[in-house]
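Okay, so here's the structure we're looking at.
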């Protein structure tokens, strides 16, 4: 039995659930869970996530996939099919702050995330020791204004084939549109503020100066517009007048770790559908 | 178009979603949203909530209901069907603390809950003025040890036919098993602690004495065992060393209002399935 | 015994606490609680809140106040003295959304806030009934582009002498700088977003369109710059993909009520010191 | 300048703050922050934490301490004095679950806690590799029913002199009263439930079976009565019907890490005063 996830979206119309569930039933698979959402029952958009157990003895996954393709075309559906026995290959980029990296290394080793880490890339040497002690390859690709293009080409060469998605775990370089397009897969970034507040540099300093009473962290898909991509997850925590900027950074570091880990969990469990500026994150 | 909710549970087996969604499709209804949960895909229990738009011009609801009955019997399903254009009739029982009552009166008048209030019953006169200013009938049914049975008979006479469910909005009398059985519909209670901590009397005093750092409130279905019924909703809030018992009561009062309102919202939107000691609350 | 609060701020230097506590001790008062904060022990700013029981038999408050004045001048301190047996007079301005108003009316009547409400003013008639049922005077002062100046003059006439501070409980008119200056006391506003995100109109629609996963409400002191005043309190709540703009407004309404009530509690208990763009809120 | 913390408690009476602050001022020290709390201004108990900068050039700390002793005796005060330039020596005991251990190792190395780790002790070998990679001594002291007494003697020998306090970071052995007495310093335990709910074994299973909607973790000082010691910190998180016992354990592991780290931060910053069953945790 192969635990399988189907994510799909299409224009809404009557009968989609019936057609989809009959399709699954006729292919000898049993639905384990399903979530469905419509933005508007009258002519809106239809979103669905179905988890089912596929009996590969009877129906090879290639057959299932090719059969489904015909139905999807007919429904005008965008979709993706994922097999939960495959750990996603997560490439990590990091700069000097290593709290998110340390957390992800621990979680992956502990089996807490459905992911493996084929490599970690940094523009600094600082994290090498931590990474290599986990027997994971570490590549240092320094970046300067002059070498940015070249550096991105090096990174692309490292990750293009060997990763399923990238995580910017406090990687303090802006990713170019060219890289985004050339990589062509999902990139998850953690921003150390409660977006859309405090975009750009030094968000904890900005939060301190503004005197907010709650700070946050935001995990989102990276897009061409900086800190504007579809939000996956946000976490917040209360701060007090006694908290200095340093305290905000410390509290925020814990928020960032949790927010990023939750976003990666949702991504690797195939619970996210992107549409436009937004995400649907099924629970 | 009649917005309709079907709640069902049955033993799990392949094909239930397909059968159900085909049934709905063939009756000319369009699924607006559906949530499905299985405790265990191999021989567990299957739970589902489907919201759909029923076209009464083509399929009268009586026909839909009787057709469904046959399918349900075949699946061994327990189910209930609800029409969202019918505001549920919510009877409220209250004693002296009136913060939950005041909140519910406001929310119902503001259209924030899919409910109406046919009456409020209390063992004290204190709330009469507040209730009658909302043009809602108020009945005072005093209770003493000697008159408890008689009082419950009076209450039963008032609510049995005219309410769909009852809310104990800080009603400080224990409801007898006899009443629970005779009423035969759902009763929602708000307990002023984070159950199962601090059952029984004076939970805020108990919490203060124990020195907890977080307090809570719990809304649950009333059952024969005091404070042991299926939990619907819990909310919590942080407390500090400066907080006295009175502060805990004040903070707790806000928690109780929110917790009870959220539980009633879930109940009146037919998002709850009870099973055994527990509830599934679909979002 | 008169429960008294002293709020003060001054340039930091050694010995301030000693001098202040000796002053209080020598005037026969007993310190009940004290909180002190320094932005920077080396040449920063010193903030303190002291609550003490003043024995008016021995030291009349007028004597205490004039004695203290000399010390304060010497320390270069800004300060204010408050007596907790005086309920602050809170004027409320409201437009059509009445959830914060209803909450404040309930809380004041229940004794949950150290405040009284001498009047409610609105640019609409909608809330008259709710207010007058609480035996509180209601004034309708309509506002249009042409009459704005005149309307503010009318409001000023109503509140200038009879209130200690104002609350904008979802009052949808921008208060002019002229009014702020002429009134000269604190004005607390509730903004229905997690500032600085989503300033201005329709913040829930903005939040929905941006796809945030957490929404918030912010209570702040009104200043000349719209939605830029010192923040007093913020509360947040998680939202889900199923939540429509209407759901955000409903969830937000509960947040607004709690946030505003907490801010008013802090203000009326004299736990807030303003400095520049920020507040210190002692607990 | 030596950053110093004084924690004290004594019977309340007028003039304590004046006397204490004058004492500090006369010894040439500048108060950086102070927090004071009275359970009841009329004959209650007085608690205070003062942070000040001691000028050792002028007043050696030995002189300060002996001078203070006399004042403390006079006030009937229990107190302790701490110097923030001394990192506390934290001994860690762990069994098989290593998420709290991994978090503490990271935080100490990152300088996020005012502590050092002289050793880690476990009744299993599992964590050896993780600990030794941080260049921290690891001792395996197996425990069985028969060897419990002997094992505790071994542990005592290891920690008695070389640690300032102990952390039970998911150490699954009950500490005997004898050990508590012989060690004589603070021991912090993390319990994986929202105490007082779900004491004892398998709290996540208990929580799942009861159907709670929020789970928690509790850090407390260990005492003779199991899971009954003074609570330092509690954190909570929402759970859903889809969450299995395994999901609760996973969510709870994150809670445990945060709760324990926050408790240790408060302890090592000398912000906690114990009295009876309870703690005061200054912020």
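By letter and in written order, the chains are A, B, C and D; residue numbering begins at 1 in each of them.
Going forward, contacts are C-beta pairs under 8 Å (C-beta built on N, C-alpha and C of every residue); 3 or more make two chains touch, one makes a residue touch a chain.
Predicted model, so just to flag it, every value in this text is computed and none were measured.
**Q** Pick the pair with more C-beta contacts: B-C or A-C?
**A** A-C
**Q** Which chain lies the greatest distance away from subunit C when centres are computed from Cα atoms alone?
**A** A
**Q** How far is the middle of subunit B from the middle of subunit C, if each middle is the mean of its Cα atoms, in Å?
**A** Measuring from centre to centre gives 36 Å for this pair.
**Q** Quick check: how many Å separate the C-alpha centres of subunit A and subunit C?
**A** One centre to the other, that is 41 Å.
**Q** Two or more other chains touching the same residue: where does that happen in subunit A?
**A** Those would be 33, 37, 240, 242, 283.
**Q** Flag every residue of subunit D that touches subunit C in the complex, lowest number first.
**A** Going by the criterion above, the answer is residues 13-18, 20-22, 24-25, 28-38, 41, 53, 238, 283.
**Q** Applying the document's contact rule, which stretches of subunit C touch subunit A when the two form their complex?
**A** So the residues of subunit C touching subunit A come out as 37, 194-198, 209-214, 216, 230-236, 240-242, 277-283.
**Q** For a test of understanding, state which residues of subunit B touch subunit C in their complex under the given definition.
**A** Residues of subunit B touching subunit C: 33, 98-99, 102-103, 106, 110, 112, 133, 240, 242, 250, 253-254, 258, 261, 283.
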